[in-house]
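Contents: one structure, followed by commentary.
Chain lettering (A, B and C) follows the sequence in which the chains are written, and residue indices restart at 1 in each chain.
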Amino acid sequence: MSEGHSTYTPKTGLGRWFDARMPLPRLVYDSFIAYPVPRNLNYMWTFGGILSIMLVSQILTGIVLAMHYTSDTALAFDSVEKIMRDVNSGWLLRYLHSNGASFFFVAVYIHIFRGLFYGSYKAPRELLWILGCIIYLLMMATGFMGYVLPWGQMSFWGATVITGFFSAIPLVGNWIQELLLGGFAVDNPTLNRFFALHYLLPFMIAGVVVLHVWALHVVGQSNPTGIEVKSKTDTVAFTPYATIKDAFGMIVFLFFFAYFVFYLPNYLGHPDNYTVANPLKTPAHIVPEWYFLPFYAILRAITFNIGPINSKLGGVLCMFGAIAMLFLVPWLDTSKVRSAVYRPWYKLFFWLFVADAILLGWLGSQPAEGSYVFMAQMATLFYFAFFLVVMPVLGLIETPRRLPNSITEAVLEKKNKGAGGHPAGAVSAPETKG
Amino acid sequence: MSATDIHDPNRRDFLYIATGMAGVVGAGAVAWPFIDQMQPDASTLALASVEVDVSSLQPGSSLVVKWRGKPVVVRNRTDKEMKDGAAVSLNDLKDPIARNANLPADAPATDANRTTPGKEAWMVMVQVCTHLGCIPLGQEGDFGGWFCPCHGSVYDTAGRIRKGPAPENMAIPVFKFISDTKILIG
Amino acid sequence: MKKILTALALLGLVVAGTAAIAAEEEHNAAAPTHFPINEPKEMSWSFAGPFGTYDKAQLQRGLKVYKEVCSACHSMNLVAFRTLEGLGYSEAQIKTLAAEYTIHDGPNDAGDMFDRPGKPSDHFPSPFPNEQAAASANGGAAPPDMSLLAKARGVERGFPRFIFDIFTQYAQGGPDYIHSLLTGYDQTPPAGMVIPEGTHYNPYFLSGVSLKMPKPLSDGQVTYDDGSPQTVDQYSRDVSAFLMWAAEPHLEERKKTGFRVLVFLLLFGALVYLTKRKVWAEVAH
């Protein structure tokens, strides 16, 4: 928890001079050195740091790629290939950027699921959670527009399909679609504006990240027990404790990232995007990037009219509704207990939800035919039921397990339990578990 | 929670230093591709030669071709221009080095060294002022050579700097006559 | 942790079950609905795996096949002659090779287009002046450019193979497909199958029962001077490997750099882990 007052004392004259005029070192000290974090955070809590390095990595590689990229339909595809072939280290920067987008989403999904599991969205962290949802939305917009830039077949047809969502809106839909495209179909004006926006949005993400971190530092981090920090023994200083743990988490994450960049750089992409865009020929089977697949499955699952809403609008509404659910989570969850650790039923449903999301993702990659459609409809039903039924109802009827009184108590309980399993005599040995 | 006591300061220090060093090495290695990508790419380096047909150039006329994004002037000099160029004493030159990529780097800036043997009438030169990169005008200025309108640098008939702020003679690119009427630049 | 594993196992069952349901769909040999009819054969490639490198002799043979056969219809616009250094050619050899081609250039000072011999900085010229000409000469569809073909073709791997592919680093879907397609002609279609006129049955073709391209290679068509067998199978392997190079010329550099990066991250990670243990040594958490 934020302590409300700063413990920063400049040691040098220059430090005092600076502090009196612009206390930036004080801000850094209070936010990243003295800032108290719960002592029981596990590795799931390193993903915030991992996400910030992914954002920085995407911005840096993106800026240098923009130095070589040309946003013109006649030249875009070849300019990307020039980066891959002729620009010094160009292949590396481009693969870092394209795979970086995927790994950014890997990290953000783990981060979101961690929040859902440990109830990180509950009061007083609602605003923190909503800022996170906004970042996620901005990431999706950025990822989508970035995928259009290489101007391959999937770029073109992905852009056509996704801007087509807006044509489902009654009355003004077609006008909005033409406004987005700058024409009647995806073409040069679309590519140019997508490039401009793709360059702009990451900086907006960075801005919302600052707000997200600010909100975090006001309310403090949640933790695996979900119990608020009560005393000083519940926390440790951010530096060195959290810094070094975050650093280790980042390196492990970068290891997986590098494995894909160097050995499977096209695994997460689609072969069709190595064919230049052709407005007269749709690929046999359009799929979005993997991180949109669950939503894509939901979109296609609505094959029937719902009263006055036709299936097209219904699909689009369900897809946006699936994202909107996240914004409502702080108020849909009625439980008094935060963490799933103490909620056996919620825990079960949480893992079913994870399985459901992965199943939706897989269905999104399959053709929308035969038994897949029915499965997607069932999975969509469960997706919404998790938020609209399970979350509110379970909070009212579930009997949670006994909660420890404090973080310190929880930690010591775990330690004693761990030591109790050892032969006698080991109990007094210092616990050095990583 | 206060900092904990560590019993073996030497081992701890070694570990911390090693970790920090590895981090610095990693950061340096990551920085390299970002700098490397700014260097001219493979296609830019490959477009480095151009063939010029000079059969139509009478003495006293010149033509300009683009080579590596810069203008290269090919001038068939008049007898007077050659005589003026050869008459200049090396001591009068602001820059005594030939700046001819076909010769050793320390070759003196004689008129002969500014051209190619047997073809002394021909000036092949990157027509870019060595001051700040403007394009000098031909056959102007006090020496009948080149004059840069930007900041007043004056070159003689062999493209050598004689007056004004420019520090060096205009550069001679790598070139050769592949026949009597064809020059290969680069 | 156990619970996570249980959950993942559960998840695996769900996905496997769905896959099984999907696989149950009926099959009719004469009117297949999913393409390709046959999956590409997985070949052994020198450039596969974490330490893969191109076999330069093979790439040179592949280039010969491209030059003498494929290039009659297929362009390779993105590949410059100068990059053929990657096949082990010297600068002089590349100059000679480039000069064999005629490049349409211009306009010159008089405003006319003209032909000249190729230079190392030129790209492989197209066999047709423009896409429309290519399409009209080939029955309505232009033959695809070959520069990226090995990355632009790939047959979906399906569950669970796409998971194993992460560990085996399978990234040869393109060359496997091209090789299978080139060696997949001359087969008899199942009784009752309708082959559209002007097309050729090939069970390995990605998007239908048959394709417009007739069988391009036959035994002995291209002369090899290094004693390699002059068979369709060998030609297909060589040209597939060459096309992989054309699509991904920096593959060797990428894999080499990757190995160094991973080793560094492993060592750095170990150091940071030890430091982390030291820092947290006396804090229960």
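Convention: a residue touches a chain if its C-beta (ideal position, glycine included) is under 8 Å from a C-beta of that chain, and two chains touch if they have at least 3 such contacts.
As the structure is a computational prediction, the values presented were derived from the model and not from experiment.
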item	value
Chain at maximum distance from subunit C, centres defined as averaged CA atoms	B
A-B compared against A-C, more contacting pairs	A-C
Computed distance of Cα centres, subunit C from subunit B, in Å	43
Chain centre separation in whole Å, for subunit B relative to subunit A (CA means)	51
Centroid spacing, where centroids are CA-atom means, of subunit A and subunit C in whole angstrom	33
Where subunit A touches two or more other chains, by residue	39, 85, 92, 236
Contacts with two or more other chains, residues of subunit B listed in rising order	1, 42-43
For subunit C, residues contacting two or more additional chains	83, 268, 272, 275, 281-283
Residues on subunit B engaged by subunit C in the complex (per definition of touch)	1, 4-6, 12, 15-16, 18-19, 22-23, 25-26, 29, 42-43, 46-49
Partner subunit C, residues of subunit A touching it in the complex	39-41, 78, 81, 84-85, 91-92, 95, 236, 240-241, 244-245, 247-248, 251-252, 254-255, 258-259, 261-267, 271-272, 274-275, 284, 347, 351, 354-355, 358-359, 362-363, 366, 370-372, 375, 411-412, 414-415, 430-432, 434
Residue ranges of subunit C touching subunit B (in the complex, touch as defined)	80, 82-83, 119-121, 264, 267-268, 271-272, 274-275, 278, 281-283
Residues of subunit A defined as touching subunit B within the complex	39, 60, 64, 67-68, 82, 85-90, 92-93, 232-233, 235-237
Residue ranges of subunit C touching subunit A (in the complex, touch as defined)	3, 7, 10-11, 14-15, 18, 21-22, 25, 50, 78, 83, 144, 147-148, 151-154, 159, 165-166, 169, 171, 173-174, 207, 247, 249-250, 253-255, 257-259, 261-262, 265-266, 268-269, 272-273, 275-277, 279-285
